[in-house]
Amino acid sequence: MERFLAQNWTVIQPALFLVFTGLIVLLVDLWLKEEEREWLAYFSLVGFGGAGVIVVRQWLAVRGLETPITGFGGMMVLDTLGLLFQMLFFLVGFLAVLLAPGYLTRRRLQRGEFYALLLFSTAGMSLLAGAQDLIMLFLGIEVLSIPLYILAGFARPRLDSEEASLKYFLLGAFATGFLLYGTALLYGATGTTAFEALRASEAAAAPRENVMFMAGIALLLVGLGFKISMAPFHQWTPDVYEGAPTPVTAFMVAATKAGGMVALIRLLYWGLGPADDVWRPLLGVLAAVTMTWGNVGALLQRNVKRMLAYSSIAHAGYLLIGVLSGGVGFVAVLVYLLIYALTNLGAFGVILLLEDGEREALDIESYRGLARFHPGAALLMSVFLLSLAGFPPTAGFFGKFLLFTAGISAGLTWLVVVAVLNSVLSVFYYARVIVKMYMQEPVETPAFSRSWLVAGALAVAAVGVVLLGLYPTVVVRLITA
Amino acid sequence: MIVPVSYYLVLGAILFSIGVTGVLLRRNAIMVFMSIELMLNAVNLSFVAMSRALDSLDGQVFVFFVMTVAAAEVAVGLALIVAIFRSLGSADVDDAHVLKG
Amino acid sequence: MSAQFVIFGLLAVTSVATALAMIFSRNAVHGVLFMVGNFAAVALLYVLLGSPFLAAVQILVYAGAIMVLFLFVVMLMGPEPAPLWEHIPGQRPLALLFGLLLAAGLIAAVNVEELTGVPGIMSQEVLERLGQPTALAQTLFERYLLPFEVTSLLLLIGMIGAVVLAKREKHELQAERAPREGGAE
Amino acid sequence: METLLWALLLVPLAGAVVNVLLGRRLPRQVAGWLASGAVALAFLIGVMATLRLLALPAEERAYVTPTLYTWALAGRFEVPVSLLFDQLAAVMVLVVTGVGFLIHVYSVGYMAHEPADYDFRRYFVYLNLFVFSMLLLVLGSNFVLLYAGWELVGLCSYLLISFWYTEPQNAAAGRKAFVVNRVGDFAFALGIFLIWSAFGSVVYADVFEAVGGVAPATLTAITLLLFVGCTGKSAQLPLYVWLPDAMAGPTPVSALIHAATMVTAGVYLIARASALFAAATSTSAIVAWVGVLTALFAATIAIVQVDIKRVLAYSTISQLGYMFLGVGVGAYTAAIFHLVTHAFFKALLFLGAGSVMHAVEHGAHHAGEHVDPQDMRQMGGLWERARWTGITFLVGAAALAGLPLTSGFFSKDEILAGAFLEGHVLLYGVGLLTAFLTATYSFRQFFLVFAGEPRSEAARHAAESPRVMLVPLAVLAVLALGAGLVLGWPPEHGIIHTWLEPAFAVAREGTKAEGGAGLSPMTLLLISSVVALAGAGLAYGAYVRKAVDPAALSVRFRPLYVLLWNRYYVDELYALLFVRPFFGLARFLADVVDKLVIDGAVNGVATVTAGAHALARRLQAGYVRVYALSMVLGALLVLGYLVYWGR
């Protein structure tokens, strides 16, 4: 018991808060009638908000420290990078909860488990953000993923949702197998799974001498590559994003990628830092392939969710530039993820507005002439799409600039060239939706359901996207301070 | 440790590859799932062997966690398969003709 | 001394054979049974590696509980209809080829004279003195306390998942009484 | 001054915002006049700002507003959001807002027949947004703001080209403009990144100051990338293909965006970055040659076209080529001078063409005949029926042809003289040949439309356009006629020269090789006059006096004629080389690689129209296996790379 209490529990305080909120949601759910369950959403908001307050306070406390605080025998670390990532997760969670209740009620899916799983998944990300050991990396990913497997199938008995869930689950478990085998090989090659010891090991100092170590890196990259939809491990993405309930997709697009990225950063820099000449060129090539594949794939999509899924693959490629740049690159990755999360949540929020429980605005044709019926929704969608395309003066433009300049200062000029070409290309498919909305005759009255919660999320996202585009300095200063 | 550790590791590699092949080969979701379990099993074997060879318990502890996670995944996975089975309706699955498509 | 080699050889052959039999079995029920055999063989290998405790857990949890669950589901769904693999052109040879290549690559990576990892202090003698389960438990609750707690969360999530995915809400049951059309909306 | 400049930038934006917010409640005419008023106000502010600049000594006429805020990135990278107002910016602002205002006014009349209020408003919102974006492009104090404006004008142009989207080819034209411009923008963005990595800043002042300290190869790379960006936006070889199709948009849009302002952004960029280009001599040579060849190439095409707007489109490409020739040989002032006069006379010609089409459409309506109002073969004899349009069009054609004393005459001659005096005799020769062709096609067009007898019932019943359209025409005609003399006389020492020269002082240092073949500027002026008159005379001979029969010529030189008529088959070539392979690849990746076997149903939601059967098949993990296969392949590659090749 002494030992139990002696642990530094503060390092997992935000995650704990989320888990307890989730448990309370599950309990309270038992006493609520179906039409009362919307209250659980508000309660989850409190959970995300509270966790947010905790990390902000921790961040204020940690900012000035020279050496980061560690906990649980070095399993977890409390540093600014992890805390900033956690702020991002909680913001995304908060907004995703705003998107959900209307959708769930319309489809008679309003259940406490939805919110609990969302909270648990975010707790997993929160753990990943501070992971300092392969075991925490593995468990964090599992706590992140398993709730998502379930959430993807939450709209059962709809077959598309169940199909998405099954695909995600089987392929995810398959990828986990690779991740674990990689962990085993690193363990064999170094005798440890702690990042600190890994970093100090002989194998990491001279990785090319050690086949097992190299193979371990390879398999770990396969496992993590799956989570961040890196090509060629990305094919699950469009199918799952398409089939999953839209609020879940929004959450996945915005949050999972961030979770995967922080895991990757922790592993590569904290665990495998000295062996960077091994993974750097490889990830560079994979980043180029990923962004190109994602963009080219998105070109021909007619389903908007699918298109956004492919676009998320492309964005994973851009983000890898920041990961590879290190240092300033992490700031770029964070800012980009924030912008990307707001933008995607906004876009999915608009999709959720254009839905009435039976019809969903998924086919690109259902956006025809939208500007006539709902000029506000069309304008917001345009802003979000232009931001995804990196069009000035939206936030997306700033984010790309940040990533690409980080890449150039890290000497990744060739990769930035590929990325610029890609982002120029990508404008094409985003603009296609805008053209549909503004420049084509409507065929039918679009489905629409008013929701104040969704509107609130949209307002936050839109204000964020515009402000971050026009005046991003505040955020950058806060992060780099 | 009389049998060299590499024997165990090679065996683990073979079992892992068989599991992967199973995933690539099988159509039935349950069989795919079992093949994944086989992969995890191979990983566990490697962990235990390494743990023994390195005189450290970390590998064995890892095996515990892998098993627990596998249990959680099985619960979710099998429930999912049952749910899909139910959505499709039992008649469809019995009807081999339909599945041949 | 050579007895260990013989036992290892037998178990290795058994585990590979059952694994192959599982992935090629025509009948899912047989597949489950082969899988149980494979788990048993691996459990015996654990014994050979000096971890009887893990071997017991393997048999109880994996072969016992989990595989029985699999068996239930397979029985519930009925036998898998023929053909075993739907024809996707090139899938089968490619799968076998990739499997072989992967095996070759992995074997090359793990087939080392000696592990390069830094040895720890838990040698077999120490373990025997401490008692293996005790040593394991100590590691588990000291260094691995946090992961241990996290797994409890994972198991909870697994339970929720099973409930969410398999439980039927009232309105669904009502809907089911009405004539079904195509399984989905 | 600071307030003035921000107001200048934001007034058109405010116009657009007000129209979006209140548009529904306002009568359509009010919406149109509101938009025009915003631009007029911007023009007035621009004039005031210019006057303030004029009050300063010539060397100090560059005002940079205090940084509103810094658009900072992590590390060293900073983009101050501030505006730069100097001589060059002043000229551009006055052209953009001045011509912009006239075109807004014209549009009120032109778009009056638009059936839906919604579309009418939408048009003016886009137009105001365009003016805002163009001002941002011109006024930004650094390359990033310029890029922001550059992208936004592109977006507006795209929206306006496909304004009448119900016609499928209009939407296609918009897309084409968009795609082609992507290529240019890609290069431009790379150029900016390169500037940043070479100079550590993107602010004009910092960059131009440090030119000397950068390796020539880097400078060449930067300028080349910027120039590729220009070839996209300013429709030069080989990226010009979008501009002729862009004529699908409403005619005032063609006048404003695709003739007077946006397409000249490339020229502006090079003039703005003249310090860089002057230091990169090889790039400048490339710019000059691409410019002059584009001029010739487009002029040869223009000479056989029969669509009234298409002729003007190719002539725009050709004239832009002249401007690039100017900046390429270091005659920056001349190029900007030509930019200004071209804005006047080409806007005039486009608006005139719009007026002609308006007239012919009216006639067609009256006669109950269906004709293509852009086909010049159906016109003729409009001089009597639309006199004011005719007169103004004649002025425009004369200025385009460079007839002596018109505005185009002075500016074009100055570019040619610049090339000649810098010693580029070959460039001068090609430019002169093009000038001859220009005079020919511009008068061919005038005569085909206005001279002779009407060749269709529609032309016979054509009627003059309303006054709201004619007034802008008249104003532009005065400008097209007189601007050259007012601004550019005497050559090299006119108002525009004394005004602009200090802006290019850095770039002009060290050049100015006197010489050529010893011909004085006045002699060159004379040569230009003769060539222009000869070209016009040829057109007169062929189309009015019928001394030469064009039809017979086209039969005689049939292969050449067919080649020109089909615009050198460039579109077809591009389709073959790029478009088809690209979409092939996209389809391959999306369908074959990602899906292996695709059926159309997969792309829609799995809404089970095909029933549970098809789904059941997929649920049997069929696709899961394919995905897993690709994952394993990836794993093998990664493993192979790290374990075998990577070591």
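We just call them A, B, C and D in the order they show up, numbering each chain from 1.
The rule is simple: a residue touches a chain if its C-beta (ideal position, glycine included) is under 8 Å from a C-beta of that chain, and two chains touch if they have at least 3 such contacts.
The model shown is predicted, which means the values in this text are computed figures rather than measured ones.
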Comparison of A-B and A-D by number of C-beta pairs in contact, larger one: A-D
Distance between chain centroids, defined by C-alpha means - chain A, chain C (Å): 29
Intercentroid distance (Cα basis), chain D paired with chain A, Å: 41
For chain C paired with chain D, centre-to-centre distance based on mean C-alpha positions, whole Å: 66
Shared interface positions of chain A, touching two or more other chains: 135, 139, 142, 146, 149-150, 153, 156-157, 159-160, 162-163, 165-166, 170, 174, 181, 185, 187-188, 191-192, 211, 214-215
Contacts with two or more other chains, residues of chain D listed in rising order: 607-608, 612, 615, 617, 619-622, 624-626, 628-629, 632-633, 635, 639, 643
Chain C, residues touching no fewer than two other chains: 86, 91, 94-95, 98, 102, 105-106, 108-110, 112, 115, 117-120, 143-144, 147, 151, 154, 157-158, 161, 163-165, 183-185
Overall pattern in which the protein chains touch one another (line/ring/star/complete/other): complete
Residue ranges of chain A in contact with chain B within the complex: 135, 138-139, 142, 146, 149-150, 153, 156-157, 159, 162-163, 165-166, 169-170, 173-174, 176-177, 180-181, 183-185, 187-188, 191-193
In the complex, chain B residues that touch chain C: 1-22, 24-28, 30-31, 33-35, 37-38, 41, 44-46, 48-58, 60-61, 63-65, 67-76, 78-83, 85, 87-90, 93-94, 96, 99-101
Chain A to chain D touching residues, read off their complex: 159-160, 162-163, 166-167, 170-171, 174-175, 178, 208, 211, 214-215, 217-219, 221-222, 225-226, 231-233, 235-236, 238-239, 242-243, 278, 281-282, 286, 293, 296-297, 299-303, 306, 328, 331-332, 360, 362-363, 372, 391-393, 397-398, 401-402, 404-406, 408-409, 413, 416-417, 420-421, 424-425, 427-428, 431, 435, 438-441, 470-473, 476-477, 479-480
Partner chain A, residues of chain C touching it in the complex: 105-106, 108-110, 112, 115-120, 141-147, 150-151, 153-154, 156-158, 160-161, 163-165, 169, 171-172, 183-185
Interfacial residue positions of chain C with respect to chain D in the complex: 86, 88, 91, 94-95, 98, 101-102, 105-106, 108-109, 182-185
